[in-house]
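What follows is a short report on a single structure.
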Amino acid sequence: MGALAIKNVTKSFGDTHILKGIDIHIEAGEFLILVGPSGCGKSTLMNIIAGLEAPTTGEVHIGERIVNNVAPKDRDIAMVFQSYALYPTMNVRKNIAFGMETRGVPKKEQDEIIARVSKMLQIDHLLDRKPGQLSGGQRQRVAMGRALARDPKLFLFDEPLSNLDAKLRVEMRTEIKQLHHRLKTTIVYVTHDQIEAMTLGDKIAVMKDGIIQQFGSPEEIYERPSNLFVAGFIGSPSMNFVECHLAEQGGEYGVSLQSEGDARFVALPNGARLADRIGQKVILGVRPEQIEVAEEGEPGLACKVHLTEPTGPDTMIFTQVNGKEVVARVHPRAARHPGETMRLKLDMGKVVLFDPQTELRLV
Amino acid sequence: MDNQNKLWRVALYAVLVYAAVYYLLPLYIMATTSVKSMDEIRAGNLIALPMSITFDAWGKAWATACTGVECGGLSRYFWNSVQMVIPAVLISTTLGAINGYVLSKWRFRGSELTFALILFGVFIPFQVVLLPMAQTLGWFGMARSVAGLVFVHVVFGIASTTLFFRNYYVGIPDELIKAARLDGAGFWRIFFKVVLPMSTPIVMVVLIWQFTQIWNDFLFGVVFSSGDSQPITVGLNNLANTSTSVKEYNVDMAAAIIAALPTIIVYVLAGKYFVRGLTAGAVKG
Amino acid sequence: MQALRMTLCAATMAVAFAANAAEVEVLHWWTSGGEAKAAAELKKMLEAKGHKWKDFAVAGGAGENAMTALKTRVVSGNAPTAAQIKGPAIQEWGDEGVLASIDDVAKKEGWDKLLPPVVSNVMKYKGSYVAVPVNVHRVNWLWVNPELLKKANAKVPTTIDEFFATAEALKKAGIQPVAYGGQPWQDATVFESVVLGVGGADFYKKSLVQLDQNTLKSATMVKALETYKRIKPYTDKNAPGREWNLATAMVINGKAAMQFMGDWAKGEFLAAGKVPGKDFLCVPAPGTANAYTFNIDSFAMFKLPNKDAEKGEKDFASAVMSPQFQEVFNLNKGSIPVRSGMNMAKFDACGQESAKDFQATNKKGTLQPSMAHGMAVHSATQGAIYDVVSQFWNDDKMTAKQAADKLAAAAKVQ
Amino acid sequence: MTSYNGPAQYGFAERWLPRLVLAPSFLLTLVFVYGFILWNGYLSFTTSRLLPNYEWAGLAQYTTLFANERWWVAVKNLFIFGSLFIGGAMAVGIFLAVLLDQKVRQEGALRTLYLYPMALSFIVTGTAWKWMLNPGLGLEKLVQDWGFTNFTFDWLVNPDMSIYTVVIAGIWQSSGFVMALFLAGLRGIDDSIIKAAQIDGASLPRIYWKIVLPALRPVFFSTLMILAHIAIKSFDLVMALTGGGPGFSSDVPATFMYSTAFTRGQMGVGAASAMMMLMTVAAIVVPYLYSELRGSRNG
């Protein structure tokens, strides 16, 4: 059974087109991430799902129903806002109870739900405080508690972690994931942070300019990005893009790479599929961890190290290939110092190629 | 450094106190004159302290001075003003709050234009509306009644109250309203349960503002009221103004202070809320 | 909203109720001191006749606020029974078609015989009485502090020349000769007394009443303006904006010797415990002993919705004209009764002289309406003349000739 | 369908309630502000004198108005008064706000003192002001009594200067309010900005002038609008203080309109002058409203 379906939704203000035909479908219990840079339309889409804004055209289905003409309160959804949107004049208990009061939930039931939710989120000692007296993380929990008390068919999270500091953000991320596992609810989660997207989502919709660039599982999106934008947006550090020409050498199809002082031809597995593009320019996308240190005797490209960035478990090596800066993620012990040379090889089974004109992935 | 700092503080306080004197001087003159005797006023320096203090003028201004064929002092007018000010302030503030709420949180197509149109009303010179208003009140049968006066003050108070509230409510995050809507609350429930409890600072500002405006109004008061419903400014004017008879300045001044007392008290007691309310966002945009 | 609707409802009821009661609502600006007491007499008399007096007092700016209030009330269809309107303004209101005739009262009581034609003409609109006069103020008085004059060895002036001689003598003796209040209406008050003194009653009539262009631009008018301006050096520089009664207080307290002002100034002297003829003198303004500029307060009657109210209106008119009221009121206000044949025994010397001169000048034809007090010309013209006179007084660069031309231009303002 | 930038609304209540709730105020404004402006505009083309009439007079009233010297004095005075009053009240208000922002003891009391003139009508304080400014009674006499016999302060009675006394009294009344507005603004400014500038070695006046006050631009503009509308509407200030005098040297359009329309029986001219005033107001306010409108569309 589909939990949420969005069919050809558009949104425009006069000549400004915010959303240009969005199609999304997720199943019950799935965790959908809407990710993209600011201004991509993800928050508008979220508001349309919530019913806080109306789509210009298209349909929104929640469960079995078309909800275009259903008020937010009747859509059986709950939402956690970036600013938490806690009612400043009410204490935590009242904040959580407000929606239940509005819906006429009996007092006794309210108390039970508040007790259960606050215990789950470890905010039971804060129930009599006002939002102003809470820390950012506590407010975040209260906002979630308010949503949980609703027990809705669909949870909406609008950048819920972006106002927290880095450490708290990681903690809360884990908690949200655990909560999802435990409650098996359907969640739509908006973020501009691709790490959150990768760690939390069952399905990710990468958006830009009001269009879904790619919709799929985190693995699909990471490994087979559909275009240059998605490839560059997902992953940290970003994917390296190297311009090169497709060529044939000794019956193998591949590209030639030049570093400062070295050059070699590398073959592409399944390169034969690109036979009709021989001689044309392509963009080679390779993630930093797909660049490895060549073992003794293995073929490798001798690259000059410009800069190193140790992160602890790995060290980032900055070098240059085909005139472009390239980052490689290597084991700290394998790293050389700036000015020295390292022999690097690409994991050609995982690299992706893009058409420079259409920016779409070739294979 | 320390000495220089001290000097700077002394200069600072000197300027502040000097300014305070400038602001207080008219009130000082009014207060001292009101407790002088007429002989002393005729003879002496206006700025000088009174040689002997008498409160006769106060009693006269309140209870026995003539303001027409009646000689009952200002007391009657005072209560007229109270009767007029309270409903006028409450109604205009309520309307302003609701308008501000709609114009900031429930925008619809044309709501911005509506706001601009209402706002322009702040700037209309009131002399322009006297006659058409009189005619309209006549049609409604509200001419020369307290209700008519209340109505006029409400109509021409809406613009500023709406502006105050709207600018304050713009500062309330829209997400709060969204959250409340998702919680199932409707237009009124959001207003009363979420927005209004957050409005204390601006409500104070608007109440104080409207109270002073309406209490001090003379033009509407003199034109839209008649004998037994005239507000205190008209009473004061009648008491202090005379074309061809003897002036009693001490009584005039006592009457002026009596007329001003409620607003002064409001400012002294609630002035900090006024500044606090302005701080809380009334001055934005 | 609910509250508003309720007050609305209550208001309609209140108005409906008020209309059933026979009440007399009178707009006036006698709100304080002796004036208020005088007005209270009227109230008493009407209540004795079984009417309810509804006070509609609006003070300030010589009736400016009252006129505003009156206009809005007439526009709103709620005219008062009567309003304090005087002079040509009565004709203006008559033109608007809102005044009511009280001819039957006037005929019954024989007003035509009781009032001099100069007065009754003003009270009539198209031949019908629409207003009732209350009193007569004489405007062309000069108030004198005799003690100061004695100190300076100067005599009480009767002509313009004597006036300046006296002023000069006072100045030499270190005494401020003239107490002056620099407000437009006071400027005009002094100015018209000077015009009367310089040009005489006929000239006054031609220039300031009939607004004859040639007369206004004539050499006599230039001379009158020059004479007026000659007074300025004998005033103090604090004069602008000063209330008339503060100027009077200067004469009372011996800070200045003389003041041009109407007979209401007497009230100030009396209030300060001064005795006329001894502590202060009232003499006609220099050169005007044989003329009289009058300022008559009157009530114009408005058209009313029902018979009850009309009855009240007529009783009101009758009461105002009654000898009893005329005496009490004018004793309180410092003016004299407008009705002829009154016993003046209770009045003081100034009042008695005023009454005598009123009758005498009436016979001579030198009884003239005061321009400065809205008895002679329309309010718009009057305002324009005020502007010129005040500007001339205050602007030392303007010549008398220029001022005369401006006066002529102002006279065209309708 | 063009969409508006507002929340989606569902059902009769959400869709119509906001409009319905706003409707009374909107209608009142439409009738009692715009209707009356139109009425007044019509009146300015009629022969109305003592009371309104509806006999067409074309532009005659405007011709009369423009030929009237007093009107031009009033217009000139409005410009003098407007610029000095706005500038003065702004300067005094900002100055006091900055001083009060220096962690002053008794700040609350001082603030109330500076603010209280706002609470008083000039109907109430007019006489006291007249006395203070009167050379023979007030300041001049006081200072001369102290022995400075050469001291003169006769602006109230000097036709060339009288409008400036109105400015002084106007500043007295409004500067406290400006102070409150700016103090509110100053309190909203992040302390760390000032600290950062102090570390950079900037002097306190320089910090305020270069950093803090520019940050208060929005306050500046709303204060400007408030003061401008006080200036244009100023009526009882002038009435109580100078009555437009000496002569008509301190007349302003509001007093001019009042006296022509109500005292002198030239209602048509009064209406014409009111229309001129309204156009002035519109010329100032409409651009402001326009920017306000655009601003809130983005907000």
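Order of writing sets the labels: A, B, C and D. Residues in every chain begin at 1.
We adopt the following convention: contacts are C-beta pairs under 8 Å (C-beta built on N, C-alpha and C of every residue); 3 or more make two chains touch, one makes a residue touch a chain.
Since the model is a prediction, treat every value here as computed from it, not as a measurement.
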For this session: Note down the smallest number of touching-chain steps it takes to go from subunit C to subunit D.
Result: 1
Exercise. Which chain lies the greatest distance away from subunit B when centres are computed from Cα atoms alone?
Worked result: A
Seminar exercise, completed: Chain centres from averaged Cα atoms put subunit A and subunit B apart, in whole Å, by 56
Exercise. CA centre of subunit B versus CA centre of subunit D: separation in Å?
Worked result: 16
Problem set entry | Where subunit B and subunit C are represented by their mean Cα positions, the distance between them in whole Å | 36
Exercise. Can you give the whole-Å distance between the Cα centres of subunit A and subunit C?
Worked result: 89
Exercise. Which positions in subunit A touch two or more other chains at once?
Worked result: 52, 71-72
For this session: Mark out which residues of subunit C touch at least two other chains, giving numbers and ranges.
Result: 61, 68, 71, 75
Exercise. At which residue positions does subunit D touch at least two other chains?
Worked result: 4-5, 7, 14, 24, 52, 137, 258, 262
Problem set entry | Chains that touch, pairwise | A-B, A-D, B-C, B-D, C-D
Exercise. How about subunit D: which of its residues touch subunit C in the complex?
Worked result: 24, 49-52, 69-70, 130, 134-137, 154, 156-159, 162, 239, 242-243, 245-249, 258-260, 262-266
Problem set entry | For the subunit B and subunit D complex, residues of the former touching the latter | 12-13, 15-16, 19-20, 22-27, 29-30, 33, 45-47, 95, 98-99, 102-103, 105-109, 111-133, 136, 154-156, 158-159, 162, 170, 174, 177-178, 181, 186-188, 212, 216-219, 233, 236-237, 240, 249, 252-253, 256-257, 259-260, 263-264, 266-268, 271-272, 274-275, 278-279, 282-285
Problem set entry | Footprint of subunit B on subunit A - complex, ascending | 47, 50, 52, 71-73, 77-79, 81-83, 85-90, 98-99, 102-103, 146, 150
Seminar exercise, completed: Listed in rising order, the residues of subunit B that touch subunit A in the complex are 173, 175-176, 178-185, 189, 193-194, 197-198
Exercise. Which positions of subunit C touch subunit D when the two form their complex?
Worked result: 1, 61, 64, 67-68, 71, 74-75, 89, 92-93, 95-96, 98, 182-184, 236-242, 378-380, 382-383, 387, 390-391, 393-395, 413
